[in-house]
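Which chain is which? They are A, B, C and D, in the order written, and residues in each are numbered from 1.
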Amino acid sequence: MLTILFDGIAYGMVLFVLGCGLSVTMGLMNFVNLAHGAFAMLGGYVAVLAMQRLGLPFLASLPLAFLAAALVGIVLERLVYRPMYAKSHLDQVMFSIGLVFMAVAGTDWLMGSTQQFIRLPAWLQGRFEIAGIGIGRYRLFVIAICGLLAISLHWGFTRTRFGSRLRAAVDDARVARGLGIPVNRLFAVTFALGSGLAGLGGALGIELMGLDPTFPLKFMIYFLIVVTVGGTSSITGPFFAAMLLGLADVLGKYLVPQLGAFIIYALMVMLLIIRPHGLFARGRA
Amino acid sequence: MTHRRMVLTGILGVALAASADGAALAQEAVKIGLVLPMTGPFASTGRQIDAAVKLFLAREGAVHGGRKLEVILKDDAGNADATRRLAQELVVNDKVSVLAGFGLTPLAMATAQIATQAKVPEVVMAAATASITEASPYIVRTSFTLPQASEPMADWAWANGIKKVFTVVTDYGPGIDAETSFAGKFKAAGGSVESVRVPLRNPDFAPFLQRVSEAKPDALFVFVPSGVGAQFMKQFVERGLDKAGIKLIGPGDVVDDDILEGIGEVALGAITTHHYSAAHDSPANKAFVADFQKANPGMRPNFMAVGGYDGMRLVAEALKATKGDASGEKLIAAMKGASWESPRGPVRIDPETRDIIQNVYVRKTQKVGSELHNVEFATIPNVKDPVKARK
Amino acid sequence: MSAAAFEARVREALRAGRRWYPAEFLFWLAAFAAFLLLPGQLLLLNEVAILALFALSLDLVLGYAGIVSLGHAAFLGMGAYAAGLLARHVTADPLAGLACGMAAAGLLGLATSPLVLRGSDLTRLMVTLGVALILYELANSFASVTGGADGLQGIMMAPVLGLFDFDLFGRTAYLYSLSVLFLLFLVARRVVGSPFGLSLRAIRDNPLRASASGVPNGRRLAAVYALAAAYAGAAGALLAQTTQFVSLDVLDFHRSADLMLVLIIGGAGYLYGGLVGAIAFKLLQDGIASLTPQYWMFWIGLFLVLFVLGGREVIHGAVRAVVGRVARFGRGAAR
Amino acid sequence: MSAALQTFGLCKSFGGITATDHVDFALAKGARHALIGPNGAGKTTFVNQLTGMLRPSSGRIELMGEDITALPPEARVKRGLARTFQINQLFATMTPLEMIALVTSERLGRGRSPFRTLDRDATLVAETAEILTRFKLDDIMNRPIATLPYGRRRQIEIAAAFAARPSVLLLDEPAAGVPEAERRELMATVAALPEDVSVLLIEHDMDLVFRFANRITVLVNGRVLAEGTPEAMARDPAVRAAYLGEAAHV
């Protein structure tokens, strides 16, 4: 039972790293980027390629996944995302779905439709037991990395100058602009960071979630739940949302396997019923 | 005429046709409508079969029974509505004499009515739920049925000292088939079985495997669609279930040849029962595998490929028997009871059920040279689909 | 000008909204003539008609009431399963199935409308998506009823009106779907031009003023949402009946996404948008799929991106130009 | 004489800020009443509560003696309470004709009928024509509202409110932003409203207020500072200090 909790935490951690970038970009530009998962997939494939073709070790492929996704994030933000900010939510949704479709088909074309795999180094394989709780080494590794990331992100968000500017911009972009905060550049940086984190999450998640060209579609709803439930004004919100989601998903499947994925969707709709306006709302008067 | 939908014609034997006898040239080609998932999550099935069909035409020529075979390939992306419409269009507009392909059970089932209505044989090359051939008198199968592959596993497991089994199957037709047939047979032998079903769209097996680990069975019987096997195997090992002494058994889908290298060494030691392994030790198979890999570098033929290859063979044999008469009733009559030597071993179409009768092999996943293979070590000859055999 | 004369002018101006244009006659004439002119394409045409009905449904909520939805497939699926199950277990009569599908989907729309009507566009997108996903999982989980991932097999339909049997060539299927589409279109046309329809436009334009003008926004939106759901249910029922098969795919996300695409191609808010979009979409899908059968998704995606990035004006300009030319031609012919 | 519209201890607070503070207010039947106050005095918040766009924190609102505190805006419209907005709230894609027809059709209870037609409804046509004539919108009735000049749109704003045939009409700064030349005509329209309609005018322009109103309420910091005839208000030292004085200096 406790092992399951541990698994759920690991799962939630990966979801957090995957989704937190989305929540910040959504909060900052009020932009619905359904293509966020495509960046995660990109990171995953970069990691796979780095290991298979270049023969890099697993640990070295992780930063590469981050950098590649971040880089593509910067370029795309400049070229195609920027004109989208002023458009309606509907347009944004259509646009990002289009990107997802392109990413899915393009990846299929380049990489084939089969599942991709990585070989973990030996020290990350297998498991050990502490007080009767089976602990997977890899999951522990994931929790450690993601935990560190979460803490440093939280620190960066609340304690640094960048963070305070970011928070000001999320709160009210117009006022922030008036105060001389370069919101556009701030956003570009955040977008890159968020994409990069998604890429890293994608690479970390290969072992837990699998990786194939349909990844962005399969996990889109998970990211959206993280953002929806967690809100967009902090790091802690999405963090707890991701934990909740990871635990609910894993526990639900463990306890009532026949209901499968039903549980998390029901959870989401219930949350929406309870706080329909709480979504994306940032305590406006 | 359908200029609208330019078709991907899979003819490789154009050159061969030139050297064929004059009668064949005079007669119209026999069109085979091949409907496969070439995109989407099951695209690997489609690509294997497509490659095998092309290989058949290249190796055996396009002319059989005095008629030229012309393959029209359509992509249904694994979507049953599309399969049905494409099949219907193939029958109505392209006037195909045979429908073939069908990567998944729902896709084959959705087309059954069309086969019946149009009196066109439907050659199922992949889908493996037992009941498919009962959906229409025009359905013939050259793949396998899951009960066919699963029941021998129950016998082997019981005979090898396994008493308690936990089954994990994907929650759709084939999975349920595998679970019920295995559990039925194993329980009848005296074993005990616990079961969970995993939703088709399920990324994380951890919670299900955790249940398995707590139940401490002697063996874990698993069926998942072929692409998903790798993830399952990895988590199985990561969870330490192999070290806990739990054997991994099941029909061969989980250690699919196509992805076995990707699964890696975690697959070592899995015991599976299946009708085909690329490592099957026969001259026919060695040649088949070699030619396949020459035509498709980097791809290893799996049980889907052999199903596609034999599907073409079946059509060719039937045409030979009817002397080129491609009317549906004649063809289906000729297909019943047809037998030939396949890369997988001797096979025969059961005249009563139109399902395939074939050997089922017990295999162990091992290293052969530098590659991973499912090495066969026991053979159960001439297995009929047990579900229909009992009726 | 006398009061009576002015009243007559007002009446005339109010009637203008629901007057039939010659181009419309041409459109429907062409649709029915396609039955004779394109006998080899009836299966595709049947799909176009069903997609058009589905798009009409989304146009009612999006174009006329301004509700964005990413989960319209929920109603399509509901209608399809309801009609399919009725055919399997109760009666094989197509019209009964159609009514059943519409009723089931309409009720689902009514039941979920309170969820959808609160909150912002973003919330609506999420909730509609969530509802569709839940329905998908429900259909998947209750395999004993729905057939789960294997699909609902063994639907046999009786002849339409007891006279026209469904044939392999899709003749009955197309005429049946087209007739249902046409009738429901007439109803929609009437509804849109009614006081009710006017109040929907009011809500879409300015909800604040609408409620200050005495329009009960919530109830009106709920009503049109349920109506649109019933339309989508009808599309689902047609799909189930003409293919005699229902799979989980009817509830899949890509159905909702494709539908959005259909409507943005055709343009929302003038009823014909969905119809024109459906024709364009199917031709596009078919054309692309035949050129690159494996990667049509890529081109659809690219199309979407370019469309939003600035192609919309171009396409709608072209559509308007063609429609305008046809309309002028039609008027000329009418004289 | 009983009041057309009356509030009892009306309060509204947002977080820590009290925008409406125990307001007891009565609008007499047939009155020409003005509500004035400096910027941020809570005038619009007060109106929004009267019409149901905002829910009061506490207190009661009565229309013609009936408690309407909990009713939604559209129900209040049905009971005869209509308003205009400080910033035009129009249906941008409609024509003036359609907008007036909409309000009329809702007043006549036609709005829930999906199968009626607008043009075959003689009552609806007659009423719509009457409103269009009264507000001199007949020449532009078929042009999209979004294309009309601001002054005309301001007229439509009032016409749309009036088309609901209210017994109480709340005008929220009707002349705001209207150029001087058109202002006269606009106020003439307001002055020409039938006498049986009770009108509450929220206005900044003291000139307008004194020309139009026979009673004035001064709202400051969400509280009623004073109420009385225009003359009395003009003399009231507290009012002068709080508001008029300021205005005079501007």
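Simple rule for what comes next: a contact is a pair of C-beta atoms (placed from the backbone, for glycine too) under 8 Å apart; a residue touches a chain by one contact, two chains touch by 3 or more.
No experiment lies behind these values; they were computed from the predicted model shown.
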Checklist entry - Along touching chains only, what is the step distance from chain C to chain D? => result 1
Checklist outcome for this item: Note, CA centroid farthest from chain D's centroid sits on chain B
Next on the checklist: Just to be sure I understand: the centre of a chain is the mean of its C-alpha atoms, right? Then which chain's centre is nearest the mean of all of them?
Outcome noted: C
Checklist entry - Using CA atom averages as chain centres, what separation in Å is found between chain A and chain B? => result 37
Checklist entry - Distance from the CA centroid of chain B to that of chain D, rounded to the nearest Å? => result 75
Item to check | chain A and chain D: spacing of chain centres that average the CA atoms, whole Å | outcome: 50
Item to check | Distance between the centres, which are taken as Cα means, of chain C and chain B, whole angstrom | outcome: 39
Checklist entry - Which chain C residues reach two or more other chains? => result 137, 140-141, 294-297
Next on the checklist: Give me the residue numbers in chain D that touch at least two other chains, ranges are fine.
Outcome noted: none
Item to check | chain A, residues touching no fewer than two other chains | outcome: 105, 108, 258, 260-261
Checklist entry - For chain A, which residues are in contact with chain C within the complex? => result 32, 80, 83-84, 87-95, 97-106, 108-109, 217, 221, 224, 228, 258-262, 265-266, 268-269, 272-273, 276-277, 279-280
Checklist outcome for this item: Residue set of chain A touching chain B in the complex reads 3-4, 7, 11, 105, 108, 112-117, 119, 125-127, 134, 136, 138, 207-210, 212, 214, 218-219, 249-254, 257-258, 260-261
Checklist outcome for this item: Given the complex, residues on chain C that touch chain D span 1, 3, 6-7, 10-15, 17-18, 190-191, 193-199, 201-202, 205-206, 208-217, 219-220, 223, 227
Checklist outcome for this item: In the complex, the residues of chain C that touch chain B are 40-41, 43-44, 47, 137, 140-141, 143, 148-151, 153, 168-170, 239, 243-245, 247, 249-250, 286-287, 289-291, 293-297
Checklist outcome for this item: Note: in the complex, chain C contacts chain A through residues 62, 68, 70, 115, 118-123, 125-127, 129-131, 133-134, 137-138, 140-141, 253-254, 257, 260-261, 264, 294-305, 307-310
